[in-house]
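In what follows, structures are represented as structure tokens.
Both complexes below contain chain A, partnered by chain B and then by chain C.
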Partner chain A sequence: MRRLKILKTNHLSCVLLIAMTLTGLATNRADANRRTEHFTLKNGMEVVVIPDHRAPVVTHMVWYRVGSADEKPGRSGIAHFLEHLMFKGTEKIARGAFSKIISRNGGQDNAFTSHDTTAYYQRVAKDRLPLVMEMESDRMTNLKLYDEDVLTERDVIIEERRSRVDNNPQSILNEEMLSALYQTHPYGIPVIGWKHEMAQLTRQYAFEFYNNFYAPNNAILVVAGDVAADEVRKLAEKYYEPIPRRAEVKRSIRSIEPPHRAARRVELIDPRAGKPLFERLYLVPSYTTAKGGEAEAIQLLVKIMASGATSRLYKKLVVEDKKASSIGGWYTGTAVDSGRLGIYAIASDGVEMTDLEDGIDVVLEDIKSNGVTEEELERAKSGFLADFVYGNDSQTSMARRYGWGLITGQKISDIEERPARVSKVSASDIQDAAKKFLDRKRSVTGTLVADGSKKKQADKRKLAPSKS
Partner chain B sequence: MKLSINRFKANRLSVLWIAFVAVVLIHPTRTEAMKIQQVKSPGGIEAWLVEEHSLPLVAMRFAFTGGAAQDPSDNPGVSHFLTTMLDEGAGDLNSQAFQEKIEDLALKLSFSSTKDVFSGSFQSLSKNLDEGIKLLTLALSKPRFDKAAIDRMRQQIAAGLVHDLNDPNKVATREWFNLAFDGHPYGRSVHGTLETVKAISADDLRAYHKAVFARDNLKISVVGDIDAKQLGVLLDKVFGKLPEKSRLKKVVSATPPLGPKRKIIEMKIPQAVAQFGHRAFQRSDKDFIASYVLNYIIGGGGFNSRLMEEVREKRGLAYSVYSYISPYQHASIFLGGVATKNDGIQKSLQVITDVFKRMSVEGPSEEELKNAKRYLTGSYPLRFDTNSKIASQLLWIQVENLEPTYIEERNRMIEDVSIDNIKAVAKRLLKADGLIVTIVGQPGKMEEKG
Partner chain C sequence: MRRLKILKTNHLSCVLLIAMTLTGLATNRADANRRTEHFTLKNGMEVVVIPDHRAPVVTHMVWYRVGSADEKPGRSGIAHFLEHLMFKGTEKIARGAFSKIISRNGGQDNAFTSHDTTAYYQRVAKDRLPLVMEMESDRMTNLKLYDEDVLTERDVIIEERRSRVDNNPQSILNEEMLSALYQTHPYGIPVIGWKHEMAQLTRQYAFEFYNNFYAPNNAILVVAGDVAADEVRKLAEKYYEPIPRRAEVKRSIRSIEPPHRAARRVELIDPRAGKPLFERLYLVPSYTTAKGGEAEAIQLLVKIMASGATSRLYKKLVVEDKKASSIGGWYTGTAVDSGRLGIYAIASDGVEMTDLEDGIDVVLEDIKSNGVTEEELERAKSGFLADFVYGNDSQTSMARRYGWGLITGQKISDIEERPARVSKVSASDIQDAAKKFLDRKRSVTGTLVADGSKKKQADKRKLAPSKS
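Up next, the complex of A and B:
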């Protein structure tokens, strides 16, 4: 992100409005004036409108179907670098003036880059919607860059990398684990880029990327807030539709992962580590690649297994055995290609990492062998479905639901029917997902410890003949 | 039977309601009114309410003034410890049973403690509100503080503290407050230290709970699918049994000493992190609003700010550089932060000091003032576009002892800041030579000061 975070698509939920009627959580009044509209302009640009009339404010987002996983080899970080440079100006907008104009109009703006998308957004009073549309459509084709600005901004992204990654051992571990998880697929390359490659990025590379991917037929406009679909349609026809479609805009061909045959380990020793940290990542399907309800089953599996104080892992390792002081898990399911299932734990004082890891694996094996209970299933479902409704409180989170869904290749109906599909997941679906996807051969296990000597001792002990 | 009892109460109450529900129409948005109702329950508990029936949700925020400043002086971290314990079992429900209930009801319940305020956030689906409220009531009035749960939270908090010891931003901030508020409660860490957290006991938690959770230091805001009558009943249930009066220790006012002070904390990291700042005006000061506008121009306004322009846009020295004013209840500070590779941090700090110097002499330009006003007034409605955000705003306004009309007056006060006014305020506020600076990293040859 230009000011905040690079997005790690850690999206636990992705969803909608119709959810409420499907699940009976809402009344008709909410549905009546908040129905989402979806249409396509003549130049191929998709448009989604999500009305929310509670406050006279709108969120305007343009999502490009391109992210860092579409970069050429050797140019890691160019997608994110271009995202920064998009604020530098056009023929019409003076150098460095983009965000200033938004601010002077009482608005907030920013952008973010992930492996699969680059998105730009503004939050403004509704009467400023034409202004931000004019500005965003202008920079879709008219970007102007001065060498001097490009070089200064390259220093900025390298400082951003230092802040985000190099100054933080957990981030280094994460980066190393991702690059070990993916043997050939570009999800293994950090969104922000490798530092030595970032240092080589140029104005020309940025323009190449821009010219290849920034086009109306490769973009999705999402407008949420105090506006009607007809109004947005008129404005979009005025500002975005005149931009000519570009032939053949496609994501880059991405390498397909070969079969994974060996569990991998990443061990980071860093004096800044704090308490010993354990992490495990599994390669699993995403909402886009999953077959018939498997993604929903993984989502609920993670909830039952690893989220919150009632999860299996927390109860066993934090409450009962006291091997970990905290533990948790997540599912990164919103992706064009594969998804990821993650688990982390912080070891309690005096607990060996191997002991913690064994304890975690016992819990996982138990779910594979014996499944989950109906009570756990119902609790996970009700929490998941309630999160949809909570999400409806925010026009920005609504805009992101649809943006993320569409940009990663789902259809509106996929997004809107998800609650119904979650409701259908059975306990045996979850056990099947556990058996199929908690496969160590498709995983990376990472550890972060402050002091390497302890680890060596533990290894020795492991090698020593068993006491029994 | 339940229904008839309710109806009876409701009839009787409706008379009271006319007496006690004050309604203020506020236009944070200029186009449509947001109706803030000042509700007083039958038991005398007050809250601000905005009804919003288009979503089946209710959001409540509440705060007890006191916060970490009420921790025992030799035992910092008690209030933070308490924030982790209120959902760890209450009444007949042990920790697991309580957590299961929260999840079954899909409640969102969390607590936090800052220097001045202990606050809670509660969100529920309308259909689960009654059950959810029962759980909240238990959490606030009958926390169990079971030993196993205390030990578990102790481990978690300690792990967080060890992590913070290695986080350069956390270390720089902690050291800054140590220098600025030596001997004052604000100089102590809200999360405590490894030593104090090791020793905090159930008795410590109980003592804090007893002293701070009361009705005379309580502020409440509610937004969502609920009306004034329902809210009145709910308020009495949740807060009605709390003691009438809190027993807060007196906290003295503090004014951070003027620098120059500079402290360097060596840490093996590639990028040095610095915090810089000095004293500022409290909210009651006549120049507070002007200083708030001035901060936007210096470092609060992102790409519209001078710090961002000079440090990042012109020189590429940092990804993030910012400043803000924190008007606490007993002090006020103007604080900023920057992170630059080790061999560039001195340059960044020099550029920042120059911005302070120049601004104190010349003040902002008319153009800068105009742009600041346009952002600060124009973006105000963006703080009111979700139920949760409205609830937070309304709570904060109450904690600051302001009236609901503040929402309308705020933009006018900002508009009223004149160029002469803000230039004088820049002179009065900014002390380029009086900065307290803490640097974490390997900044090379650099002298400590003060």
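Up next, the complex of A and C:
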């Protein structure tokens, strides 16, 4: 831990120095140890190598340019279901043995599915890299599925949905809000799937998805760790390049959102809810879709507005007015299509939800009308840069940063020049972003309360005279 | 007109008598002049003949089992666009001549597209029936399109959208509410299409849709008028039967709605709006999807609750409390998938929207808690039967009733036995329907106001102290 901490400090000073003296130069490129290599195999598979020699380990990830937003109508959850099934085996790898082999070799492995991608990764000692490349390339084309494994695994994902979503009112609220935010784009459909559709998923659907999208020319290999680019290239040529390119692999056509014209609300009443929860989502650009500098401005806007105890919302709603016991916000900017800006707050005891919401809107309107201060801007930039640089210390987070960036349509330079771009954002850029993107017409406001009985009682009071 | 009026009266008494004495017998079957014939050609095309000998005219309709809910993602509006293009011509029919020929023969023609169907119809003198059958069967397979006609017509549908939807705040509200009501089902996408997708529609997409869905085994021919079933059969065999059946024509897979768990709201502010408008939509079963008797109960519930000056909502909100200047409701029960129950109200001057909404909810809660009276039930049934029987007097409405019924998956008997089924609904069936289906979790509440300035001013008032 101590060693890592020292590295953190060094990287931070290094990058800040660069940012101050060589604005515009990719901060990451400046660190020779971190020079990433990016090349493409003959079959169209992209490869990114991120050297990291601090420990003799490697992180190996394969990212497919397909996620749940590419599913056919009625088959929600198939991307995530296939992700689970990919661990079942091939001709060479016995049923259910994939993770056991990795574990027996001292490594860890896992996978995840999002709207835009499905990715598989292993973290192993560097001498095991050939082994994981052999295994991962094998299951890119040779997946073998037994009917009973498919049925069992379908129960597993349905149970996963039950425990993660259906048992959790806040997850339900999020699911409902996403569904209300998007009028037609598939980001409104949950990655895990709608339960009734998950129950209909089959081996055939999984193979259809696999055959349509799992191909080297639809994948990106990211290797971070104690390995040189040349070694990775040789191994990739050996294990991945023999897999033939498949003609015409591309994402499904996704509906584009029409203009949003009306503010939306979702009101969830769930007896399992804790304190009353307020959430708001705004549909905003992503780093991939934003016009120059707008995504960076949104990133800093969220920091100033909603991140931590020095944020506008926290100071006003938690400290000053005591309307909220906690408050925060976030920006999801890494996406093929739109991004999202989110705000959440938990109401203090006895505070009405409408009162909390009005209080939040006052703070937002203030930023739109009067902008942010230079001091806030500088603090937000420092915070962003620190986060970015701290990320460099984790091999996994580095691998993920490049994987996410490339898979959502950014270039290596976009990823590496982000700190320099963020440092260029001005206070008026942030005010402009607030005016443009904190637009209720492009938002959903959600509330979660444990019971609606107060309203019911009010209705009953009214009911009595209406019958007299 | 006089003659029609006499017929109306006769039919009404006839049907009411039947309903009272022979409950369960299809009321319509009892009218020998109205006995419908239903048969299928060798190529799979269904035919319905509804004799109506009051005047020497016929209504000829061809219904395709495809609508905008069967469009591919990203191609919204293609069903309606193709409907327009179907008037462009074939090898035999010159460019743009279709409607001119009908008109020159003294007839009228038109077409319409919905989520579930696209239908083409002509009303002509009976001796012109062979002509329209020849023309309609011709364009079922021989559509011919010139690029410039396609581009011009695309401008036409975009203009249609502009004038019908984008220039009309109430239409915008409806579009937004439908989009919010459906989480995943394509009924949430406007039939006319999203403008940005309409602008991308091409000749190729239109032909793809045409080739996929316009086939005799995916169509229903409905002929109502002064013609015998045998004549229609002979003509159909001559004009439609030679068109070969196409293998595997079926509707697209449509996403099924997940359970609805949270009430939704859409708040539209539009300076073009008139008086403040309140709307609510509930997702309910259709006649096709409802369990026995539930759709009929919903039909009567809406009548009692929201139809006309004797309805609960009108009496309470317009007459008694004067919170609304008008109020009403409707049930869309004819659909392949879900139906919708709608309520709308215009606020009286100076009445707050929340006050109006609370007043409406009190009336709804009262019906859920205390049910309806026998008197209300009988009045609603009489009203329904009268509407049904009056419908028999219009050749077009008869043709549409059978076309709509069959195209959405009902049987002839379902259509004809509806009055008998409605007459069986009890007051407790209606209360059960109210309890089950007036469920805010399955609803969207929409509001349309000309400006949100009152709220803005309130925000500004709050803003001042927050900065001190």
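Please note the rule applied: the second predicted complex is superposed on the first by the 424 of 468 C-alpha atoms of A that agree within 3 Å, B and C clash if a C-alpha of one lies under 4 Å from a C-alpha of the other, contacts with A are read in each partner's own complex, and residues count from 1 in each chain.
By definition in this document, a contact is a pair of C-beta atoms (placed from the backbone, for glycine too) under 8 Å apart; a residue touches a chain by one contact, two chains touch by 3 or more.
Since this is a predicted model, take the numbers as computed values, not measurements.
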(request) Look at A:Ala55 in the shared chain and tell me whether it touches chain B only, chain C only, both, or neither; answer first, second, both or neither. (result) first
(message) On the A-aligned overlay, A:Asn392 touches which partner chain: chain B = first, chain C = second, or both, or neither?
(response) first
(request) Would you sort A:Ser252 into first (chain B), second (chain C), both or neither based on which partner it touches? (result) second
(message) Under the stated touch criterion, which partner chain does A:Gln108 make contact with: chain B (first), chain C (second), both, or neither?
(response) first
(request) Check the residue A:Gly405 against both partner chains and state whether it touches chain B (first), chain C (second), both, or neither. (result) neither
(request) Look at A:Leu173 in the shared chain and tell me whether it touches chain B only, chain C only, both, or neither; answer first, second, both or neither. (result) second
(message) For A:Pro285, using the defined touch cut-off, is the partner it touches chain B, chain C, both, or neither? Pick first, second, both or neither.
(response) neither
(message) In the overlaid three-chain picture, which partner chain does A:Lys72 touch, first (chain B) or second (chain C), both, or neither?
(response) second
(request) Determine, for the superposed model, which of the two partners chain B and chain C contacts more residues of chain A. (result) B
(request) Name, in rising order, each residue of chain A that touches chain B in their complex. (result) 3, 20, 25-27, 29-30, 33-34, 54-57, 87, 96, 99-100, 103-108, 123, 125, 151-157, 159-160, 162-163, 166-169, 225, 271-275, 308-310, 315, 318-319, 322, 325-326, 346, 348-349, 379, 382-383, 385-387, 389-390, 392-395
(request) Quick one: which bits of chain B touch chain A in the complex? Just the residue numbers, please. (result) 29-32, 52-57, 59, 95-96, 99-100, 103-104, 106, 108, 123, 125, 127, 148, 152, 155-156, 158-159, 162-163, 165-168, 267-271, 273, 301-304, 312-320, 339-341, 371, 374-375, 377-382, 384-388
(request) State the interface residues of chain C toward chain A in the complex, per the touch definition above. (result) 72-74, 76, 172-173, 176, 179-180, 183-184, 186, 188-189, 194-197, 252-256, 258-259, 261-270, 316, 358-359, 361-363, 365-366, 369, 440, 446, 458-460, 462-463, 466-467
